[in-house]
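Working notes, structure below.
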Amino acid sequence: MECTQEKSEKKLLIDVDCGTDDAQAIMMAIASPNVTILGITCVGGNTDLDNVCTNVLRVLKLCDRLDIPVFRGAETAILGQNIHASYFHGKDGLGDVPDASAPGLELIQKEHAVDAMKRFASEYPGQISLVATGPLTNLALAVRMDPTFPHKLNSLYIMGGNMESRGNTTAVGEFNFLADPEAAYIVLNDYLCTTYIATWEFSCRHKLSWDWYDKWINMGTEKSDFIKKIYAHSLQYSRSEKEEKAIVDGPGFVSCDSYAMAAAIDGSIVTKVIECAVTVELSGKFTRGMMVLDLIDELKKKNKVFVINGCDMEKFVLLMESAVK
Amino acid sequence: MECTQEKSEKKLLIDVDCGTDDAQAIMMAIASPNVTILGITCVGGNTDLDNVCTNVLRVLKLCDRLDIPVFRGAETAILGQNIHASYFHGKDGLGDVPDASAPGLELIQKEHAVDAMKRFASEYPGQISLVATGPLTNLALAVRMDPTFPHKLNSLYIMGGNMESRGNTTAVGEFNFLADPEAAYIVLNDYLCTTYIATWEFSCRHKLSWDWYDKWINMGTEKSDFIKKIYAHSLQYSRSEKEEKAIVDGPGFVSCDSYAMAAAIDGSIVTKVIECAVTVELSGKFTRGMMVLDLIDELKKKNKVFVINGCDMEKFVLLMESAVK
Amino acid sequence: MECTQEKSEKKLLIDVDCGTDDAQAIMMAIASPNVTILGITCVGGNTDLDNVCTNVLRVLKLCDRLDIPVFRGAETAILGQNIHASYFHGKDGLGDVPDASAPGLELIQKEHAVDAMKRFASEYPGQISLVATGPLTNLALAVRMDPTFPHKLNSLYIMGGNMESRGNTTAVGEFNFLADPEAAYIVLNDYLCTTYIATWEFSCRHKLSWDWYDKWINMGTEKSDFIKKIYAHSLQYSRSEKEEKAIVDGPGFVSCDSYAMAAAIDGSIVTKVIECAVTVELSGKFTRGMMVLDLIDELKKKNKVFVINGCDMEKFVLLMESAVK
Amino acid sequence: MECTQEKSEKKLLIDVDCGTDDAQAIMMAIASPNVTILGITCVGGNTDLDNVCTNVLRVLKLCDRLDIPVFRGAETAILGQNIHASYFHGKDGLGDVPDASAPGLELIQKEHAVDAMKRFASEYPGQISLVATGPLTNLALAVRMDPTFPHKLNSLYIMGGNMESRGNTTAVGEFNFLADPEAAYIVLNDYLCTTYIATWEFSCRHKLSWDWYDKWINMGTEKSDFIKKIYAHSLQYSRSEKEEKAIVDGPGFVSCDSYAMAAAIDGSIVTKVIECAVTVELSGKFTRGMMVLDLIDELKKKNKVFVINGCDMEKFVLLMESAVK
């Protein structure tokens, strides 16, 4: 199925667990002329919530956009647990290259992320594209606190889940969904707005070559220098034997969160989708957190999502490049 | 283990899914001279959330206490499902004896129940006894929205769960916990304040005789008339063969929610407790929602609760009687 | 419910994971004049299968009954795992007091335990009382290999499971059921013959005093000396703080397997039963292996069992005493 | 990974739940000159066990090979349940075109399938290729009855499971594994012999065109007429909208069981494999029965299997054609 979406002004609300690829996705959004970022909400995930907040502020400062309000959300998953991905993103979530002049947490808004989400949705009903690149805890809390919240959105773009039982964290579990399976389950059930999902396998299948990557981080701009610095840590991991096993379809640079963001910025980047009902396994011993695509309509769920299955790589590369200029 | 608690002024916050026994528990609190009710928060459970709100207002009007603020909370369980107990409490949750002059929902506060809970806890740090007689959804959302919330409470009294795998809704599932197992799990993990739990088996073992009940509802007061009216429906059920199987330890009148409330009002009513770690099964096929007592310290959980195991019945009866005077 | 059973000649088939209390149960059967033991089948459990076989031979030699055929059955649980109880029964399952003159494994029959079970049932249709005091693996295999096997039995006596979610191995898991939950599930579903279950809680509630125990092991017979020796190890454990937490209803001597055996030998020992459908939780995180009593007929299972709930202690003590004379 | 295997004489033991594609697979084996079929063991699956036995006899009669011994195995899955696939294979498992002159069940051997499997393995240690095209119940029972059984095999070929969470029976469940998840789990853990698995997705990706199919069933031989007749029922289903959703990668004729059989007959047909540890989810709500490929070595399982991922289609077609000549 082909799908298109006009390239008009977009109002984005961005929910992140700001690791390296979230940082990049935010930079991509900031670089896009047709995008207004209403706010950035933070959730514990790749790293702990304080780090997430700091990392977002560092990115905004780099881009000279500290005017974008940043909100603190859920520290832990719905059930209270936490898994981090410091093996990849570094202990601080941005490659452990601390910046002494990073903005302080006093710049974080006093309003809770979930309250801000609800407020923005009421202020801009039907206009917001919500881009979620971390565990879906804030989104789950938002719909539970206000069941009308999803209806007020224009659309939802999620980086998370898997479509062919390929896992990057457990054998069949993708990090964002595994970090909060209950939240993913809630969002996939209760967000009836138009929803696009960029899965782990999709991201891997649309990776960029290491050659491209090397040119990209060596463009010599302040932003490409930043990317180069924060990515050094994860690169070692990406090129390790273990990670190469997890990465579907051969080696290369996979900037997961950037695909969901790119789709939100320019819908025409999505060239193929699978339209189907999806859910998340909550109780499996091996499969907890796995996204289930119901291609045979077993679950009789009315609500279908668009699982992204094709990408205009030229356009995507342009967005990636503009992000670091 | 014996435990006592002084009988000084108590500040109660009451979270209900107002069916018949919640109504009674509220009346008990209102009748208690040493109690200040800060507010009543509503959650979907025995009946749907609108009915719960209406039912609370009906009880407050009956008691001439419409000054107590009532707040609307979660409509559904954390995962989004809903089970009601209309077979027992009636479709409207209060025995299907509608009151044409019931107060309208416009009397419900605009503030969300969870926001009110957070606010009260900040206004009265360390002073609030939270009494929860429905599914624990609002409490779970409160701690997820604000992890410091439980620390600001004085104590928590829960009606819910089971201690010997006796169920009243499934074979081993008690209604309140089964209605939202994830919420119960979250609360039992994350509420580190002093916590008392009045289980289904405990409530059953401290039931009152039908003789006592008949005198009680025929005291001829406006309040006893109200109880008589709203209980007529559930009584048929209570005395049915099916329910008699569910009720532990022989026939009689079991007003579940009243025990947790009584314990909150007067700690000396609790004459015996089991102090242990507890949790809730989330993934069992037959046991989902069952409370697990870890009497052999398998789970190595630091946090222990008091599972109530004995009750001063004389004092309890006095509180029950004062409620309808 | 009261139940009686005549005291005529009984044909027993005994399935054991021979630890200390299995040994005792076998001695009780051997000492009973009205009992013919057709054979003893062995299953991995308290200790590994080789030890189980050796232990049974040691008991038979002690009782001068090496004419009773002993069969080797399943080494592991249905799913392939193994848990042992060496902390209680010792590494060798009989208190780690090795006997240099123990009979060798060459005395074990060549026929597989499950084949022998099927053969005996065909030879004595409707006449056999099967007493199972270990994990139910052999019984599960027997019915899967031959679906008609259970119908050929007279009755089944099981030591295993729990009735009030009190566990001795996990928080809510009894050893025999936990050691092979799938087998317990299969047997409780597919053995439609008259079935009595002596649970952990029942056994604990009918424990014997340590005073009685001290006299019993000091009767000065060869058999009481044997019991004294093999029990020394488990005694330390029984009187430890940890085990005292697991034992329901205060300290004392709990010889679990002896109750099921006593009930098989003399039905009048059972003074009270709960007649209900039962099943076993297979998928719970905390509750895997827990027996579920369906007292509210949720599962609509036709097949009911007798969960033993009362015991004629005088008769039981007499059987215990005769076992060591 | 490429893998080859010499084309010498093969001793096959075939375990089937004889539906239409099992029938075909048996015919393929019979037609292969380098193959000796030691026996065919039956298991309940596509249809009930009596039908399975009859269907095997019908195929053997058609091929004039009633000399091959046929054995009756497990009627139900390990846990006792049964799911059939009559929507596809017809109520009788062979398209509901009964044959009045079908051989009677008295031709079935008296020996139990599992006993026969154990006996053959002892008679031909290291020489047998076991081909399993139904639920794995008999194989699971064999290893539990005799833990040394798998070590005596040369190799194992399984049709079953899925590799990319594509299901044909539930959203992510393939029929053979879903019909007995515990058996699949046991076999994948305990069969340490060389194991090849032809999954649902693999079978679908190597389907044959409907054009080829039409020529094939119209070759005018007695055998092609038989296939044409028994397949008429399933064809309607195969070409239905629902089934087309389940079939991976576009329409066509998928003869699942034939791939595992072809691989057993001629190893060079397998052109690509994924070598990895695998297991089966037993407790998931949506994913029960799903095969899990542990491509990131999460489970630290030593035992690896070969998940077939490429097929020499020319050779495969030749085998398919020879089967009906």
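In order of appearance the chains are A, B, C and D, and numbering begins at 1 in each one.
Here is the rule we use: contacts are C-beta pairs under 8 Å (C-beta built on N, C-alpha and C of every residue); 3 or more make two chains touch, one makes a residue touch a chain.
These numbers come from a predicted model, not from an experiment.
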- Report back the single chain whose CA centre is most distant from the CA centre of chain B. D
- Of the pairs C-D, A-B or A-D, which one shares over half of its contact pairs with B-C? A-D
- Homomeric contact chain A-chain B: same or different residue positions, threshold half: same
- Message: Please tell me the distance, in whole Å, between the geometric centres of chain A and chain D computed from their C-alpha atoms.
- Response: 42
- Item | Inter-centroid spacing, chain D versus chain C (mean Cα positions, whole Å) | 40
- Just how far, in Å, is the C-alpha centre of chain D from the one of chain B? 56
- Residues in chain D with touches to at least two other chains are numbered 282-283
- If you look only at chain C, which of its residues touch chain D in the complex? 74-76, 78-80, 112, 114, 137, 141, 144-147, 182, 185-186, 189-190, 282-283
- Note on the structure: Per the touch rule, the chain A residues reaching chain D in their complex are 163-168, 170-172, 242, 245-246, 279, 281-288, 290, 292-299
